[in-house]
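The same subunit A turns up in both complexes below, where it pairs with subunit B and then with subunit C.
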Partner chain A sequence: MNAMELLSWSRGPGLGIATAVFLFGMLLRLFEIYSLGRKPDLAPARPNSPGSGWRTIISRSVPEAPVFRRSAVTLTSGYLFHIGFFIVLLFTVPHITLFESVIGIGWPALPTPVVDLVAVVAIIAMLVSLLHRLLDPVKRFLSGFGDYVAWSVTFLPLLTGYMAHHHLLPDYTLMLAIHILSVELLLVLFPFTKLTHMLTLFIARWYNGEWFGHKGVAS
Partner chain B sequence: MSATLEKGLNALREQIDAPIASYFSSCVRCGMCAEACLFFTETRDPKYTPIHKLEPMRRLWEQEYTLSGRVKKWLGLAKPITDEELEAWSPLVYDSCTQCGRCSMVCPVGNDLTYMIRKLREGMALSGHAPPDVVSAVNRTVTLGSPMGVKLKALQAQIRDQEAETGLTVPINVQGADYLALLSSMEIMNFPEYIGSLARIFDRAGVSWTLSSEAFEATNSGIQIGQADLAGAIVMRIVTAAEKLGVKSVISPECGHAYTALRWEGPNLIGRPYRFEVVHILELLDQLRRTGRLKTRGKVAEPLTFHDPCQLVRRGGVVAQPRRLLGMIAADFREMDEHGVWNWCCGGGGGVSASERANALQLTSFRRKQAQLEKLNVETMVTACANCRIVLEEGLEHHHMDIKLVGLTELIAEHLEE
Partner chain C sequence: MRDETMLELLRRQGVSRRGFLKFCAATASMLALPPSMAAAVAEAMATARRPTVIWLSFQECTGCTESLTRSHSPTLESLLFDTISLDYHETLQAAAGTAAEAAREAAMQNAWGNYLVLVDGSIPLKDGGVYATVAGKSNLQTLREVAEGAAAIVSIGTCASYGGLPYAKPNPTGAVPVSEIITDKPIINVPGCPPIPVVMTAVLAHYLTFGTLPELDGLGRPKAFYGESIHERCYRRPFYDRGLFAKSFDDEGARNGWCLFELGCKGPTTHNACATTKWNQGTSFPIQSGHGCLGCSEPDFWDAGGFYNTLSTPITPVTGAATAALAAGAATGLAVTLANRRRKANARRAHPEVTIDDLEK
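On to the complex of A and B.
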């Protein structure tokens, strides 16, 4: 298989398989959670707490000042990487073209130098978070094989995308194929690693917020 | 697999619900919960990271409630949960968690880790891995009615003393009273002034109240150890007495977990709503203040601060009431840097202070409160939980700090308008 064939496989069947595994896997995870259900709470709720779960979904994204100070590296690298990752994913020309071809809607891209800078920031933030995971006693203690797998498959699309964009390999076709394959690897492993938090954190925050709201405490 | 382990695991399986699954699915091992836990911050030992304390439960969930986990188990790649492991986890699940709930407020993906620990304890207790002292406290509560073995006779003696002290009658078993007041053993034995304070405040405010000779103990070791059946039986004793006396409300005393047990867990433990409402004494005092029935005079001149019991603020929603009450009687009230729903635990809640083997760790974790207090330069610390009060007193003594502790209800009673 030459580079061109690899590229067309990754753009065609490869993408199809990866997307199918991703969607099936994520639906399975949702089913695994919701099928367990929960018992109704018979203790009377305090008044004035409707919508607490929904509010917590938003509010939990913004830590209190003392919480931020105690986990500054984790939070800063986390924010920069997440925001950077989504900007690069959603606001570069080739990505928008792909989305347009699939869902029929396009949107304006950000200027190349901006996306470029964002990508570099996201890559650095991810390297910092890896370093922190290796050096911080708590994180190192908590981390297992799966945590490093999750980091790797998230990092690869960023890195290969950056390399493809800047033609850092002489064979652009091969570089692009590698980039797309790295995204497919991410999609396939996504539902079976901690990366599922992208979806399930909304459920977790909602339950948490409802629980606290029931007691009249904003969380 | 031993029969008790199987029993414990079955109890744990019953606890796994959608919130638990969403929490374990969401954890990214960021470790931020460690910094929320005073057992970690004061020791810097990573094993005290809250999410790590849940590892046996996480594995049970993964191995039995996810497809990928089942495949791993089928391939022989999953480590089974053993008695040895649970025994090794017992100090993490009990001795180093006061169920203070701080980690649940900090987790960026929204995991309610305290909710999870509470559930894990159900499996730990039934598999025989709860701390021996907590097991004894539960047994005493079930057989004698009190975790400290306090009997009615002892209460009656304290009531007589308080009646002599205040010149008022402490009503007992009064049919049709509005409020049934409960006590904690700690109050009966160590702070009986609480009973006299209630008598004086309620006399002045014209509150119709009573104690019950059948249910005076509000604390519930059943929820601390994590045995829903026993916890339910302990709650039921109060429910039966309250419904027999026909009271409108039951007053939870100055005790944090008693409030959680009665107000939030109780109806779920007995499987039905109550026919009365539950108020914490601070909520009631604040209502009396608002309606003008509680009047005070004079103010404490020296600087004082308030220690929030975790189960009242973060896990209970009683936050503004103590501050409004202190506003009536404190001239120089100083808040700790993190207070209210962001308070730091005394270090002895959730059954920790009942466990001898946790004692050294409890005193170490007190350094967190010590650091908060040292910034304030206060002579008095007010609180509203008899267990916090004992734990704080031990901590202050151990760390050679000269700060006086007082219960808020008592302080109010001392400042009643004549």
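On to the complex of A and C.
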């Protein structure tokens, strides 16, 4: 199989398979969580606190000062990587044309040099987070195989995308194929690793906020 | 006439020594040879005997022949092309029928083991190769027969190199490129739909000078011409780097000559010399005339998504797979939910009720 055939496969059947596995897995995960069921709530609700869940989604995303001081590296690298990743994903021209061709909606792109800088920042932030994970005894103790898999499959699309854009390997065709395949690997592993947090994070925060509100705890 | 050297022949056709040397120097530089090699090229070309060339046309459109013989009004390239002993070419030869086949057999016999075979077009294999026959022989038979005594084979155009259009899905004739049939001879691929004429003559010049084929890449193409992508040499590249793209063929961006990536240009994944040697005596090339690159010198270019679809978009729509996956996910999820509920209910039922009385027993 030559580079062009690999690229064609990744843009054709590969993408179809990855999308299908991703959607199937994520939906299954949602059903799984929902079907766990909840125990009947026998206690009367505390003074009503509407929108508690929604407020919690935001309030839990902003670290408080003592928390930030204790985990500065984790939080900074985490935020820089997540924001950078989504800027690169959503605001580069080739990605926008992809979204437009699949969902029919397009939007303006950011200037290429800006996205380029953001990509470098995101890559560095991810490397820092890995290094910190390896060097910090507590984080290392808490990390399992799945954590390193999740890191790797998230890092690969960023790195290969950057390399493809800058023609850093001799053959762009092969690099582009590897980039698309790395994204497809990410999609396939998404529902079966901790990466599922992309969706469950917001569900969990909403649920906790709502539940605490119900019990009279401020969000 | 057969014993004349190349220089004698070119002289007879009115080419000056100066013109000949200029051609040799240009060819040497195009092949990325050091300047000192120009003299070697000239010497070898001047003394070389006319090589016997047999041109086989299979499943093709004759566009390659048109490109190579008509692109330039008399130039050294075309004269060189006229000068090689093209002993068999169905489109160009005067002979027809059995006389033509006899000429081919005579040429093969005279130069057995030393002649060059140029092939344009793919070879159909399905149903015993009945979809393309010449003089009662299938293309497969002819190729095997002629290739046996060849010194080397040059696959001219994308069809001979990678299968090209006949090879495109669903490939009704079971077409294959030359390299899938002949495995024991040196093969050089000169893909393109059609290929650039100067690439052809440079390959021939290299063969005449050194008696070998030029350095090839992983897909059998001469690195000197296919080493870089169209995108890398494109004069619109700065617009790509700055993120300035034409969104349609008649918008502001198109008029300003911005990058054609969004309009489906395949320049980034296409290796050819169009952006440097250009076409029509160096006049222009597709991107310069306002149209994206189709990627015609790459394998499977016909099946690599629509010509006007951006390189980053899917080749086949994912909507079907996505819908099916969502339906299957919902169905499986529902089944899992019901199973979980039942398990929970069963567990509750199986749980023995314990009363105070039981405990006090």
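We adopt the following convention: the second predicted complex is superposed on the first by the 217 of 219 C-alpha atoms of A that agree within 3 Å, B and C clash if a C-alpha of one lies under 4 Å from a C-alpha of the other, contacts with A are read in each partner's own complex, and residues count from 1 in each chain.
What we mean here is this: a residue touches a chain if its C-beta (ideal position, glycine included) is under 8 Å from a C-beta of that chain, and two chains touch if they have at least 3 such contacts.
The shown structure was predicted, so the numbers you read here are calculated from the model rather than taken from an experiment.
Peer 1: Based on the superposed arrangement around subunit A, label subunit B with subunit C as either clash or fit.
Peer 2: Result for subunit B and subunit C: fit.
Peer 1: If you stack the two complexes on chain A, which partner ends up touching A:Gly37: first (subunit B), second (subunit C), both, or neither?
Peer 2: both
Peer 1: Give the label of whichever partner, subunit B or subunit C, reaches more residues of subunit A.
Peer 2: The partner making contact with more of subunit A's residues is B.
Peer 1: Touch check for A:Glu5: first (subunit B), second (subunit C), both, or neither?
Peer 2: Touch partner of A:Glu5: subunit C, not subunit B.
Peer 1: By the touch definition at the top of the document, which applies to A:Leu28: first (subunit B), second (subunit C), both, or neither?
Peer 2: both
Peer 1: Classify the contacts of A:Val93 with the two partner chains as first (subunit B alone), second (subunit C alone), both, or neither.
Peer 2: second
Peer 1: Just subunit B (first), just subunit C (second), both, or neither: which does A:Leu185 touch?
Peer 2: Once the two structures are laid over each other on A, A:Leu185 reaches no partner at all.
Peer 1: Counting only touches as set out at the top, which of subunit B and subunit C does A:His167 meet: first, second, both, neither?
Peer 2: second
Peer 1: Could you state the shortest Cα distance, in Å, between subunit B and subunit C after the structures are superposed?
Peer 2: 8
Peer 1: Of all the subunit A residues, which ones make contact with subunit B and with subunit C?
Peer 2: Overlap of subunit B and subunit C footprints on subunit A: residues 28, 32, 34-37.
Peer 1: Help me check something: in the complex, which residues belonging to subunit A touch subunit B?
Peer 2: It comes out as residues 28-29, 32-39, 41-44, 46, 56-57, 60-61, 63-64, 66-67, 70-71, 74-75, 78, 136-144, 147, 192, 194, 196-197, 200-201, 203-209, 211-212, 214-219.
Peer 1: Residues of subunit B touching subunit A in their complex?
Peer 2: Against subunit A, subunit B makes touches at 16-23, 25-32, 34-36, 40, 44, 46-47, 49, 51-52, 65-68, 104-112, 115, 263-268, 271-273, 277, 313-317, 319, 337-338, 341-342.
Peer 1: Please name which positions on subunit A make contact with subunit C in the complex.
Peer 2: 2, 4-5, 7-8, 11-13, 15-17, 19-28, 30-32, 34-37, 93-95, 97-98, 101-102, 109, 111-113, 167, 172-173, 176
Peer 1: Subunit A touches which residues of subunit C in the complex?
Peer 2: 218-219, 229, 231-232, 241-243, 245, 261-262, 268-269, 298-301, 303-305, 309-316, 318-322, 324-326, 328-330, 332-334, 336-337, 340-341, 344
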